[in-house]
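Order as written gives the chain letters A, B, C, D and E; numbering starts at 1 within each chain.
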């Protein structure tokens, strides 16, 4: 594809697991950008953290050769998303224009079926109305809905940023430039492990990275066609 | 009935048969009417106390807890990431299962002309309706935003949005509504002549009520013709609807990309399970009616429990067959997560529940129900009803909660602990069920008198040589 | 938040949306209630448009590294913190702590205004009281305790103390001594001849040897090292840098290493020397040729590390690697022989240079040659505490540090504080020290402040990183510099003449005036106001070109010796929490909610116990234990941790606050309570020399973990689930 | 028996009629109340400003072609003209007061967009959609207007679906308007 | 029935009550012999009797037609909902086609059955003209006690003759029938 089609973009994220050091900046950045609620110790101990993005950590091997693997896990924005068709009210749907898996918060009635059907466990649910005691609510991002209780939520690839960049580009009559849109996680990432871009742009960074030999998509065999491409970590063995 | 032609030496045998079979033991219609009406009007102190307690408990444990849940959020339930469905869905599937009782008894047994069904078709159909009423609450209770449930209904609206007909939940919604409406109508149609009877025989507010409800039924030839035709159509049509309901409920799980759920056998497995729990619940309810409602010992006899017991045994075997099918295939496969799920079921934290299921659904029924004497004891069948339903509740718990606890990312496995609110609501539906049933037992004739009388007409005795046997004339 | 904020120094920040009453939208039931209601402006600044974002460049002060930030504001509210892409330290990235800094700004538990003995006073009263203290206290019985940030305040206070004749301010902080800044600078002086914090240039290294340096977590400049680490791994086509890490526990940095060698605590220096010996040997040098005079086999045995592994690493260095960097840091420098260790490891770099390898140690050049005030040594601190104890300190000013919490109790600061006549705290929160202060004059948080920070680590050029307010002050707080200057003016006389600044901004403008002369900056302008605007717009000043100059050192044959330890059963590693660091921001809920990378624990203090040790002591996950050292005891929750030596326990810092706010108070424990007063040879605390006993208390408390114990470890037992982990990850 | 039956019939009919009437009454009251405009801090007259003075919408709502929000005029913007006009009306006097106190005017919003909706005036204005197309003839109203058109999702979609074929998919996708 | 006749020729309705179907069947024969057509005879009973039992003319019920129409309407509604509504506002989900065929069978089935069941149910009432909103109808309350009530209409002047003829069939009661509201 020589020309970028402004009507049709395919947003892709590449996560280089060899660069990722698990520091957690993405987790916090995501929460701050997307008005993700904090739930406190008891709720988290009971598996009710609201993290849209979590860093899955595995132990590999036995002492003293034990090793750690970090893998940031978020909504994979599947092309064939299992969460979408099961929603009775189209609260989660596929955007043809963005090729994204959209969650429409105000449409959600909270059946939580999508979350059950997500092989990546990428969805979180608003178990309660969470509070941001004043003035903590001042930092809530006006571009992102504050979800109330009973609503499913998940990573959106920071669609508000995509929308803003696209609108700006449209007003200026040009395509969105590579690197112009950065979700909060990619923006914060100190090791540049997370790269975001448009697959349709043949010169984009993601395109170049994704074609790496190390590239794989998580649980690819399920046919979900995720749009997060991981680059595997290959540790040197002594 | 032509017993006058029977020789006197067979008298004893005839008496025996008569005692055994309701349909060989006719009483005048007036008397049966009186018995049924007496049972309905028997609003004594114990009844009022029990109903008050049931009503209050339901109001608090079900509706109170539900209101609290809605006002605070679903976090009050024990569900969590990744076990997004818990006791609510377990109870939902359970009650949908119970609801198969009435249809099975009054449709399948009617189609196959199993005559023993006659006195308790209504009792079973009432179970269907009330179980569905309970079951129907759960999809609402379990919604994060119950107040938006109507978005699942297809109706033109300012949003220009329709429900997603590709979602199993919409299938569910359609199927449950079809089934609820269908089974309620199916309950109501044969009830009309009995309501007309009650209209003729009662006074005061009851008369007003039955006058409205009986729609001016007179029992003319046309009315009977249309009614019988309709009942026939319903009996045939409601069977596939019933099958579809529990199949679709099973598809809620089976279509999901979830190991432990994604199984082709879930449809029939769920149906058999539903009938198993439904039939056993009928046994329990009949026992309750027999001991607590006036004059019911005449209508509900050991023969009925015996017949139910035999059915139960067969269905338990059917269930075991499907269960084994499902288990074996998963056991044989090599999937890590499935292996872990099975390990979790059989020896892991879920083992107590899983083994309860196996013992209650297979072991105990098989040990008990082969014995005719035990089958004929109402309390044994009542006990079986409780045991099998505990087993079936456990089965749903294992399927819903167990499978959700394990997924393809071990980092995100989970464990689940039902919360007080959840348990309260789950118990609340039981009290709601019994409350509604208790209410119905005093408001509508529990026994379809005209059907029993018809049965009396149809049944007779025939002497063959020195013996005497029951005969049935095909009236329908 | 209802006070009417009037136009202050700059009308730029006058935003009526915030200035007026801020109320939630009336529909209290909807989610809209959580937003702040928007109102039309009284007078809209020309750069603002309704609903549009305005970005301000500033600098992060959550730790002293000095990362550049760009803060997105909408109608006067700070919405999101982003990294400044042009900043030489962090190049657009941020760490979790920086991200959550908005919750420092908008924290509901901040100090709402000045208080005296806990009772609200006006700022006029506060300044009068302060002037009174400055005037009527003998200068020698004043003391200033400052944090490592911001530098402009330290310099102003330094000028004031000089003018008063008072002792210069002490810059202290738990993070500073956990980083052993003096040790590192001292060792750098000996090896490289420059007394400054070295920066390790790992971005294009082929192999990095890290001796305890937790450089990806909180160490000196984590975002710089994060950037460099990413570049080292995959920044160059076809070349992938390798990380070898020596540390008794698997820190986050160790978790990322290709090879993690859990050596015995205190042997880091020896192992460094052994490795140097082996590399030299592998490169064909004869022993004794200016090499470390050590016996590698014996050291391997002593350090409980496989000699074979060391040899493999040495061969790799000798044969494959062109650029090798050895980093001393973290727990290694907290040993009793930490200073020697630092020298040994830095010498390793020098050795590699001698062997013809490239190494990467450079020093960030100070702006115009002005180095920031160095952190205080342990001796300085102990001297101050001694004077306080003796009643010789009448007034203690505290800013940017929370010594009651951040100093180990064994140092006796809290008791000594009671002997101080007047304690003046400038903390933005009512922290442990402010709670005991007589006067609490809360400063703005950094997002409401002016100032600058001199970058010491991570920048390859002279860098002065600027602070500017991105929002009007949320509460009735006042910049400490302004408060001090107002007090100074009220005192008048010689003092006011010596410190002739009207306010903070004027002071800063004077300080940066010299930069206007420079032509090698990213911008230059002779006009003060234009230069000032450029300074703010860019978030500071730094040179256009890199001034990176790799340092050349000389190999020191230090006698590392054996480390000393206190009495006890198990070694203890106290480490700054990878997310919360020393805990100054422990009241930021999202920081608490961000899982620790290796344990995924949130909201509590855990103690890492090796599975074997746990089995031996009968400990299970979530057991509450008492950890006791000769200096104190804490309670923490057991985390059975596969990545720690069986003879070692590890406890993160950051929790155990008794004040600070609703999300920090009464949560977890502060392991500093276990540490003693000994130094490490360079007058930094030897925090790793403590050994502890551990005792089960019989109670349990479930740790909030992101991971699932069953999934990761099996049913409560420790079983590595390699197959499961691999199933999802193609290697 | 007959008497009872007809009583029943009467009772049933009465209940039905009464409940229908009740529902209608509630609906009527609700409808009436929804059409009332809220009281504003000062009685602003669009007609005078637009028709008499001839201001364009963008003069006061100056952000409409630049950003998401059209924006309300600042007090400064109002007083810039009004300080040259001797206050004659109540509204002008109140305006002066706000200006003297350097306060913003706490307008009561008549069109509150739900917080889950993303709407950019800029995009729509630049797509050559006139203000009146959505806001009706505000310029002719003498009080703060209530919305003359029911602005709901179907109303938005009516326009969005009616676009050149290649744009419809993007314009009708949920994320186009929901955030 | 007998619309238009006045005076002594005005039709009068009587009811004869029986307790055995045999008697009722004989009575109907008697009535028919007298010359009362089947359409002027109506039988009410507490249990259903087949037409042949009482010698009444077989007439098919119209209910199945309702069922079929209902099923058809339900099917059409399902078609419209399943294949129509996605076209009104196409929303893609999960890579599934907009008009996926397999799940359509579920919706088609459920709504077809629902239409059929509702129509059948309503059919009973429409066909039987229930509830009796259009006026009074004859009824004998003993029907609900199992009695078989044979209503017949005769011109008033023939009433006595018919009564006498029926007496032989053993009715428990022969009386003029009054229409009532039920």
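To be clear about the criterion, contacts are C-beta pairs under 8 Å (C-beta built on N, C-alpha and C of every residue); 3 or more make two chains touch, one makes a residue touch a chain.
Computed from a predicted model, the values in this text were never measured in an experiment.
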*Smallest number of contact steps required from subunit C to reach subunit E*: 2
*asked:* Give me the step distance from subunit D to subunit E, shortest route via touching chains only.
replied: 1
*Tell me which chains count as touching both subunit B and subunit D.*
A, C, E
*Using CA atom means as chain centres, which chain is nearest the centre of all the protein shown?*
A
*What are the two chains with the top count of C-beta contact pairs?*
A-C
*Considering only mean CA positions as chain centres, point out the chain farthest from subunit C.*
E
*What whole-Å value do you get for the distance between subunit A and subunit E if each is reduced to the mean of its CA atoms?*
64
*Please work out the Cα centroid separation of subunit A and subunit B, and write it as a whole number of Å.*
45
*Please report how many Å separate the Cα centroid of subunit A from that of subunit C, as a whole number.*
29
*Could you list which residues of subunit D touch at least two other chains?*
5, 114-116, 157, 174
_Multi-chain contact residues (two or more partners), subunit C_ = 30-32, 35, 51, 706-708, 712, 721, 724-725, 728
_Where subunit A touches two or more other chains, by residue_ = 43, 47, 49, 56-58, 82, 85-87, 90, 93, 96, 107, 145-146, 219
_Chains that touch, pairwise_ = A-B, A-C, A-D, A-E, B-C, B-D, B-E, C-D, D-E
*asked:* Please output the residues of subunit E touching subunit D within their complex, sorted ascending.
replied: 89-91, 180-182
_Touching residues on subunit D, where the partner in the complex is subunit A_ = 114-116, 118, 120, 122-123, 126, 166-167, 169-170, 173-176, 178-179
*subunit C residues touching subunit A - in the complex, by the definition given at the top*: 1, 22, 30-32, 34-36, 51, 74, 77-83, 90, 92-100, 102-103, 105-108, 216-217, 222-223, 225-227, 229-231, 233-234, 240, 242, 244, 250, 252-253, 255-256, 258-262, 309, 312-313, 316, 474, 578-579, 589-598, 600, 602-604, 610-612, 642-643, 646, 667, 702-708, 712, 720-722, 724-726, 728-731
*Given the complex with subunit D, which residues does subunit B contribute to the contact?*
157-161, 207-208, 211-212
*asked:* Going by the contact rule set out above, which residues of subunit E touch subunit B in the complex?
replied: 42-51, 56, 59, 61-64, 67, 81-82, 85-86, 88-89, 91, 93, 96, 100, 103-104, 106-107, 109-111, 113-114, 116-118, 120-121, 123-125, 127-128, 130-132, 137-139, 141, 143-146, 181-182
